[in-house]
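Shared between the two complexes below is chain A, which has chain B as its partner in the first and chain C in the second.
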Partner chain A sequence: MGLKLRRKVAVIGAGLTKFMRRALETGRELSFYAARQALDSAGLRFNDIESVVISTAPDAFDGVHMKTEWLADGCGSFHRPYLRGYVGGGSGVFALIQGWYMVASGMFDTCLVVAEEKMSSCQPHPQGAFNTIFDHTLERDLGVNLLWIFALEMNRYMQVHKLSLEEIALVSVKNKKNALDHPSAQIPKAVTVEEVLASEVMAWPVHRLMVSPTTDGAGAVVMASEDVARRVCEKPVWVEGVGWCLDSAFWTNRDLYYPDYVEKAAKMAYEMAGITDPRREIHIAEPYDPFAYKELHHLEGLGLADRGQAPKLLAKGFFDRDGDLPSCPSGGLLGVGNPIAAAGIMKCCELFWQLRGEAGKRQVSRPVKRGVAQAWGDLMQVGTVIVLGV
Partner chain B sequence: MKDVFIIGVGVVPARPLSPDVSYRELIFEAATKAYEDAGITNKDVETFVAASEDFNEGVSIFDEYVPDQIGAVLKPVHTIGGDGLMALAAAYLQIATGGFRIAFVESHSKLSNLLTPEHIEEFALDPIYFRNTRLDPKFLAGLDMQSYMARSFAPCDAFANVVCAHRKNAMKNPVAGYPASLTPEDVLATKPVATPLLDGMCAKPADGACCVILANRDVAEACKRAVAVDGIAFYTAEPHPDTWKWGCATYAELCAKKAYKMAGIESPENEVDLVEADDRFPHKFFEHLEALRLSKPFEAYKDFANGKFSKKGQVPANLSGGHLGIGMMHEATCLYQLAFAVKQLRGEAGEAQLGKVDCAVVQSWRGLPTQTGALAVLRRWG
Partner chain C sequence: MKPDNVRGKNLDKKGFEEATRVKYDLNAEYAYDMGYAVSRYLMGLKEGKIVGIKCHKCGRILVPPRAFCEQCYVPIDDFVELSARGRVNTFSISYVKWDASRIEKPEIPAVIELEGASPGVGILHVLGEVDPKDVHVGMEVEAVFKEEKDRKGEITDILYFRPVK
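Entry: the complex of A and B
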């Protein structure tokens, strides 16, 4: 980036539905509930909103072509402009990046950002839909699913850094425990490393309790220009930096032990935020954790730990809620749930609440002025990063 | 104030079938042409936007397959689930933040891979209220056309004339996939799709790819052939058919209001030199012209018959051939029309060239069963 940005943008409201396995509500209804909460939290009404961003991952989950057209009125896009930005699993955090550029452009003063996912509509299991993300000529007929390729990546990460399963399992223990304090959480639980390792092996070395669940849910935030934010909000949370990066679709040609795309996205966001030493200047992190090893992988990509060192820091309590750099104090995807795009927004909502001191029992003990949220997706290929601060 | 400019376009000739190339090869060709047209390389681009829909691609999370063939590996790339003009708007907004100098927009079509495209469209209908009717979504177009006819008293041959004119226009557009010399009788003799809509009135699918490169003022000033994006807008009107306002295009009205205001256009009939509107059905073309305030409500068909939208008329429309003449490529056709407008503004449209073109309007619609569209106002610059 490196150019002078025209406008500051703030997050002024956030809302989240309960994350659950089989919601009775339609996707439109889930979107409405989250949008309504976010508006209430900002003290605004639908009529105050000038633009909308709708985020959702594959259309195949809901089985609806051009899904955001279907979701549009539930998200407040009735006689309003909306855009659907799309980077697979990275879409939830990217939705805020898109909300940022909608407002930062000067074209809109307010933007309602809504993310929805209803994975339970996909029968018998969303892994069937995930098979269709693979190359139709080279890979799909192998019957691959996400568990298999992430097992490959986890294996590579463990092999390069000589990590043990116990070190990885600690992520599940931490996040599921943190989620006990989250009112939206789907699978919070006090578990031990032994219980994690005793759970079913899905695809070696991935164990069931190292995997986030399939989830239905929605999240939303309200974003506004500086003028509006200062007028209507006592505690705006500012977008200090954004970054996103997409790697090659030929994932088999990459060394999977390190997420270069996350590093590049983080550098873009840090440069915009003026951050030169992220380990000192970032006080709280919400890295994407659909699998236990991914939180560690991403902490390294975000520059919050040296390569291969995140597991050591985790074992020392560095990333605990009362640690030096709380990571996933929300409970993350492993504890709160993983409605793909909505999971990314959940992470941004957590930063919003933590930075405003409104996270209740989840509030971290250290004073926090700046946090980073990150999501990831596609064929182990995309990183989306946002830095929020007060 | 002019902040965002088009500095390059690249178009692959549209054709009904392309068994010899993959979508990646189509995109690569369009991207290469766009880079050459702009006089830059992929290394100069700071952000990339693509437009595509998973179900049309037969791939979930299709954005995965975008970066390699456009030279965007390990760069900021995202996809817009919308049409090409909406992707253009996303690129425009990013440059307008002040944070980016050059943005790249990609859209393509490989519709020949779809064996039953009507079934894909069916999946866009509400799964609870509409899909179980098992109707081809074109019934919505038929109802809409019926409504337009009832309110305008337009005769059937008015719609057939649009098809003939646009496919004839396509004969002068070297990248059009469906140029033809037809008579209204040829069109009216085709089978009904959803009465009064006939098969010959529906734009036919094509394969192709189009890329557009946008830049900020600093970059554009160094470029001799930049075209200014003076106004841009995208709107959704009533998302579901149960709340549609039939026989008109509210989304296009909303877009026109915003984009004209940005561009300082008060009297579009007198200020716009060329319009490229979505015409995948002829009645939608009329609805769009009316929404753009180029005709009074329900009078576009009369203006069309009087030659107002012909090459020598007051507001030449769809000289590219539009969807009917270029081919229906979902997200991509509007960018073909945009590229055609850019060439007109640069005086490079060959046989189709009007005299001096100062201002062009390009309008898009996401197609059935949506009420979403976008609009761009382009102006000669420099």
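Entry: the complex of A and C
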């Protein structure tokens, strides 16, 4: 694989709506607010946008077939080449990867990348929309629900590394606390490990406060070629590497304790970025945290901790906002919220603001030059990774 | 501090109840074909057996069976009968149904590694005849099939897996 960047691509603007349990606004309106804000922050006019990537998770949430076409007007894609970025929960980061190759290919100088999710419409609960992810013949009749696969994976991760629930609960404590400083946050809270463990057992070992909420919200970034970025933007944030990888859908045939596909995606992105020692060369991380254990699982897959060691580093404060390697300084999905595709782009927005020193109260204490964002999705299956730097 | 001027109005419960509701009674009926490999698997279940398949190239013995090895990317057709016994690879004790409603008596989904299949190769099923607090990773379990007359060639021909006494 020729992992050389042919053309430099920058992120030059970002926007985010509030993340909410139930938004008054429609998906189109949320998309418009986020995208318009991203455009304005980039100092571009609508006419400057040459291409559009839209990312949103299952059509079933909205009950609308091909819902990106339906959202498209809100995403600024009128009379423009458009592409849907869709790899389930991995979609938000994947959207930037697609925006990257729209521009890196030389085809376009600008790309507006928008991610939206409106989960509250789906009744009685959007979890139902996920049931068809399971095999129709061999799994669904067993009475599946989405929580099962997380609970099964979390238990395997805990068993292999002999981890305690307390060690995992610390992720919820950190992220919900970080989210107190995020203006978009849905469920920021100062909680203790004891409170997390006293919350309802939904599917053991998963407790309620270890699960991200269902959320309505949208996020957007503007990506541009080097020429445009240097002309219009004082502090462009460069895409240094991208990677993505899919594992087998025969998920009961793999050992769920470790995400090989995240490791492969990360290696691809690191190689492109020229990173040989990620623990020294990455200064800030936004790994995907829809469930508390997932952040630890992904930090290990990203090579930012040895296998089974992420919980030990977490307990030492290594991943705190003022720690050696701040992880989810935004507050993550556990604190800011989890509008599936928009959650991934929220992580990329956080890197953008952190790398530009614009995160205000969330700004990490150490100087940051390079960060990694990662998302995950499908049937325990996909890893999407982006390295951004200044 | 960024983001600034975040937009969006969160509705309270009353506001949400006032939302316009549209209900579709979808006629969602699908006639799924089972294909070569899964058909054989289901026929096996009807006979009270668990059938896997061996890849002649990598040597892995896989369950559920498939018509090709996804790693070697070659066609495979060497069906092998596996034991109806296995070990719990991982499990959960679930109090939540797909619609987020709660249940009193938990379900115990598990990935079960079957004897005769390659290490780490398992299937999803549920456990029964066991107190949830006694379930552990590595526990030996066996399939409990429905009575022969009630078996239809479905995954639910296995009622559940129970601990080996």
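Brief remarks follow.
What we mean here is this: the second predicted complex is superposed on the first by the 386 of 390 C-alpha atoms of A that agree within 3 Å, B and C clash if a C-alpha of one lies under 4 Å from a C-alpha of the other, contacts with A are read in each partner's own complex, and residues count from 1 in each chain.
The working rule: contacts are C-beta pairs under 8 Å (C-beta built on N, C-alpha and C of every residue); 3 or more make two chains touch, one makes a residue touch a chain.
These numbers were taken from a predicted model, which means no experiment stands behind them.
In the superposition on chain A, A:Q309 makes contact with neither chain B nor chain C.
Contact with both chain B and chain C is seen for A:F250 once the two complexes are overlaid on the shared chain. By the touch criterion defined above, A:A203 lies against chain C but remains apart from chain B after alignment on the C-alpha atoms of chain A. After overlaying the two complexes on the shared chain, residue contacts for A:E139 are found with chain C alone; chain B is out of touch.
In the superposed model, A:L152 lies in contact with chain C only, and not with chain B. By the touch criterion stated above, A:G63 is placed in contact with chain B and with chain C alike.
63, 136, 248, 250 are the residues of chain A that lie in the contact sets of both chain B and chain C, per the superposition on chain A. Residue ranges of chain B in contact with chain A, taken from their complex: 46, 53-55, 58-61, 63-68, 72-82, 86, 89-90, 92-94, 96-101, 120-121, 123-124, 126-128, 233-240, 243, 250, 254, 258, 366, 369-370, 372.
Looking at the complex, you find that chain A touches chain B at residues 1, 3-7, 26, 57-60, 62-70, 72-73, 77-88, 94, 98, 100-102, 104-107, 129-130, 132-133, 135-136, 243-250, 260-261, 264-265, 268, 272, 377-379, 381-382. Within the complex formed with chain A, the residues of chain C that make contact are 1-11, 15-16, 21-22, 24, 30, 32, 34, 38, 41-42, 62-64, 66, 70-71, 89-101, 106-107, 109-111, 120-126, 132, 137, 154-156.
The part of chain A that touches chain C in the complex is made up of residues 14-25, 30, 33, 37, 63, 120, 123-125, 127-128, 131, 136-139, 141-148, 151-153, 155-156, 159, 181, 183-184, 200-206, 216-217, 248, 250, 252-256, 349, 353, 358-362.
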